[in-house]
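Following this line, the structures themselves.
Here chain A shows up in two complexes: once beside chain B, once beside chain C.
What follows is the complex of A and B.
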């Protein structure tokens, strides 16, 4: 017997969820779905699509009925990650590694941006686009760099679309992205709980739980969120394969996305792509709860301010001047 | 003070009726109390639940143990321990000597004669010196040692190894050096956790013309950006 067929016949053998009392709506749907899938799989095999597409269908079916990320046990997280990795292999021939690392205890991420150092080279934007598999078709970018004249304070009066040789004398550059507010208005606006603040302070989106209502875009006073109006296009050769479930894994049409401080990097101790790419050292990233960290040095010793602090969003992103 | 503005009080004071006075005061008192509850309640609601991020980090005084992070980098190669401590202890910076194409300098700068042909090929023709003010520009020997060409020299005549050139830069740029040691100037390499490894001054600034050059941005802003 074909091993895939065997799996379909005993879909949840050894899976702890099957041992629970199966009387909920979800379990009923699962059972009904399995029956339907058997028929579907038989039909597909009849159309000579091969066992791979049958497997993909089964995986997609399971994906469709998975839980919200925050309600999953670590085991379930690993299962869904394994399914997504396998699906990427089956559908696109990609060998991605999707992580599900939890936040580290004693870590609260913070970011500081030196407005007197940034020269507007946009290296951070390019690095972010590559690292986070952003849509190349609509040219989605998480980071915006504003060119401001000396004396101006808010990007609302600055030029966010400059394209000329930089730096221009008597101007400074201010980068704006998701500020990972400690009191995030986007989270309050979300009707499905698809976006939330992780214990390490990163505001994340469960892409599979997002219904695409875009309330969060309206709620965010910083324009920190991006919506996939179409199916995102990323050239296969440029896809970053080291991914995270809540981070740079490939999104789909109708899903909201945003900066995650490169969760796939930062939770492994690495700097976000923007901070690593910055050629002028204007970007400082670190653990706010560590008194020895660079970010704490900046907060203690430099003149810092936050953007639209009066709104009470409590951003974890400071601007500072030399 | 609020009693003066209370109409009830003004009306009741001439009567000198103790009972009426007491009653009106209780009502006014209640109103004020209600107002206070509303105002204070609202403001405390705004900060309810968890404390703000400023409070969170100001109360955090225990250094972070980097062993909590799963992936910690191997100690990067080609780094040296900086001869100064930051508040987290010792830290490392990139080496310099291995990045200078024809180090050691004494390979050429010695007593042996060099042919004109050789000199033209290997001399420092590419070096553009644009460092210091136009009135008092720096020259080669402001930083390079006349006698020992493999070393740098401070204003005080102390020889400095090329790998520790930050000591030399810090003579004038002491403010930047203080920020660099602390973490507000320069940048860490690769990791926010674990051993602190930072770029050295000359990793980003050409010591001969240290200003960043004017150039085109590597990408353009999204046309749909707001």
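What follows is the complex of A and C.
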């Protein structure tokens, strides 16, 4: 957001109300000050159709014919990223930074979830929704927390829709998300190769290459994937602008998406949003190849288990008990 | 015949179009109804295109619905043409040879519908080129879906080439050269089994879905297809027999009936075997079957359908087996329709939805197609019937003319 923009958007109250609706109704008002500035910019760009829309058309045309992300050279990756950033600016007045950081050698990400610590506060879910620009309209969530009674061991018999004060005595909580299998059935299923496992173990989707056949959903035994049935809606003020091509950049209808271990954060040495948000410290994330990492300590010293291990998917996501 | 083969094509195309446009008022009304239904389908698809698949009742749990159900069923109908092709070309069955063209045309119609159902199910239809080899990225041989794309398009090509060549030769009153088309006929016989096995493998290869992850699925697909497909062909033959001058010999109905009965009985035996496995000692993996046959957690939208389907299958199989009317079309026609609808329910919604419910996280939901899904489906069915009509009409006229000339020695 540069100062020049702020100046333009201040007197922009006269834009058609349809423009404002696109920015996300109630949430728009909620985040008053900031939203007004950002939204104003969008209206300005939206209202001044002329040369800007011509440029947008050209960019969209080029985007349509771009290659599969994995087949692009570094130069081509930078070009598409630049186009997407410019399009976000032209169409929504957003200053997003879309990264294309590759995986780092010697890094293999893994996750561990402490079932004795989690108390079902769902802070991780809220943080994930915000960080990953998940569709607010259909209430898309990558993470689900299941409430289980003692004696139960699988979310299949637990309650994934609980809505009451937590923690409930004699119950425990189990979070599920994409487990980033080492042997992912979704990758095998995809007819266009639009989903694959990166060298650092993260299973990603090239949103723009996905044709929306949903065979990967059928193949996933963990309910790890989410489809954009309609056009996703994220209130402009709440959009996370630090993005990654394979991560939290804005998706469109008809595209598959999923947890990426917050690739835009983890590849820059930060914890995924869920792990950072967890108030009980139930979530452990780190490099499986680093012998001094916390995740390695957990795997070596705790009693760990994995969900549906019999399917041979080899998830890089472990549950453990204190 | 000194003319080049290309010069011969012009009158052939002109005549086929002319024959298709001619016809009595009932035929014209029939075409108008088909066109109107297709327009409704196109309108519904436009709604879906503009709002996305949110216009359907599918969701992240039931992620495949009515479209894929119809696709799966129609692959079987397409494959079933082999039950006429095989005896007529390999065993030189004279009776079935006369209707082989009808079987092939029904297969073409079914394949067109299959490809359309897959297409309308795509979330990104504009991105469909991503799957094309060379210009896109075709994840073959890993993804079973790419195998399915290959076998379906290949089978469509085979079923277009062979009859087109034979009909074209007959149009010019020439004897088709068997050496030229027989290799394709043999390939298409293997290919027919291939399309349906590959489609079954699409589902049975997924350990995530215990209801589908069942080695019996492929064989059962074939058995049900070889019942439903010839049932549909019988229905088409009865219609052809009644409304056109192309007469079908009674032996043909008898032979088809036998094929249907044997296949339907094998299908019922396999169904019984599956039901036994699910309910003798039910496990967690039997939940989809319980959901299908009895309902689970108060969700029982499929229960009336599946029992109706089983009832229809039994009644139709028994009727066709004991053959009370002695191949009377008044008995065979409703029995075949009953069997066709029974297998359509069982192998469509009755197969796809329980594969996805309960979800991998144990959630149970109900699914019923939305108006958009129903209208798009009706549009595609109308397109299929339209394709069959416009291919069959000129083909039968040419065949009758050719038979007439060869008999009278003109």
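Simple rule for what comes next: the second predicted complex is superposed on the first by the 273 of 322 C-alpha atoms of A that agree within 3 Å, B and C clash if a C-alpha of one lies under 4 Å from a C-alpha of the other, contacts with A are read in each partner's own complex, and residues count from 1 in each chain.
Quick note on the criterion: a contact is a pair of C-beta atoms (placed from the backbone, for glycine too) under 8 Å apart; a residue touches a chain by one contact, two chains touch by 3 or more.
Treat the numbers as computed from the prediction; the structure is a model and nothing was measured.
When both complexes are overlaid on chain A, the residue A:283 reaches chain B alone and has no touch with chain C. When both complexes are overlaid on chain A, the residue A:92 reaches neither chain B nor chain C.
Shared-chain residue A:144: touches chain B and chain C both. Measured by the number of chain A residues touched, the leading partner among chain B and chain C is B.
Touch criterion met: A:210 reaches chain C, while chain B stays clear of it. Contact with neither chain B nor chain C is seen for A:303 once the two complexes are overlaid on the shared chain.
Look at A:223: by the touch rule set out above, it reaches both chain B and chain C.
In the superposed model, A:160 makes contact with both chain B and chain C. Shared-chain residue A:241: touches no atom of chain B or chain C.
Taken together, the two structures place residues 138, 144, 160, 223, 312 of chain A in contact with chain B in one case and with chain C in the other.
Listed in rising order, the residues of chain A touching chain B in the complex are 101, 104-108, 110, 112, 114, 117, 119-123, 125-126, 129, 138-141, 144-145, 160-167, 182-183, 201, 223, 266-271, 275-276, 278-281, 283-299, 301-302, 312, 314-316, 320, 322. Those residues of chain C that touch chain A in the complex are listed here as 51-54, 56, 58-60, 63-64, 118, 121-128, 130-131, 136-139, 142-146, 149, 202-203, 206-209, 284, 355-356, 358-363.
Within the complex, the chain B residues that touch chain A are 46, 50, 52-54, 56-57, 60-66, 68-73, 86-89, 175, 179, 182-188, 190-194, 196, 199, 204, 212, 214-226.
Contacts from chain A toward chain C in the complex involve residues 64, 68, 71, 138, 144, 146, 154-158, 160, 176, 185, 188-194, 208-215, 217-223, 225-231, 253-256, 311-312.
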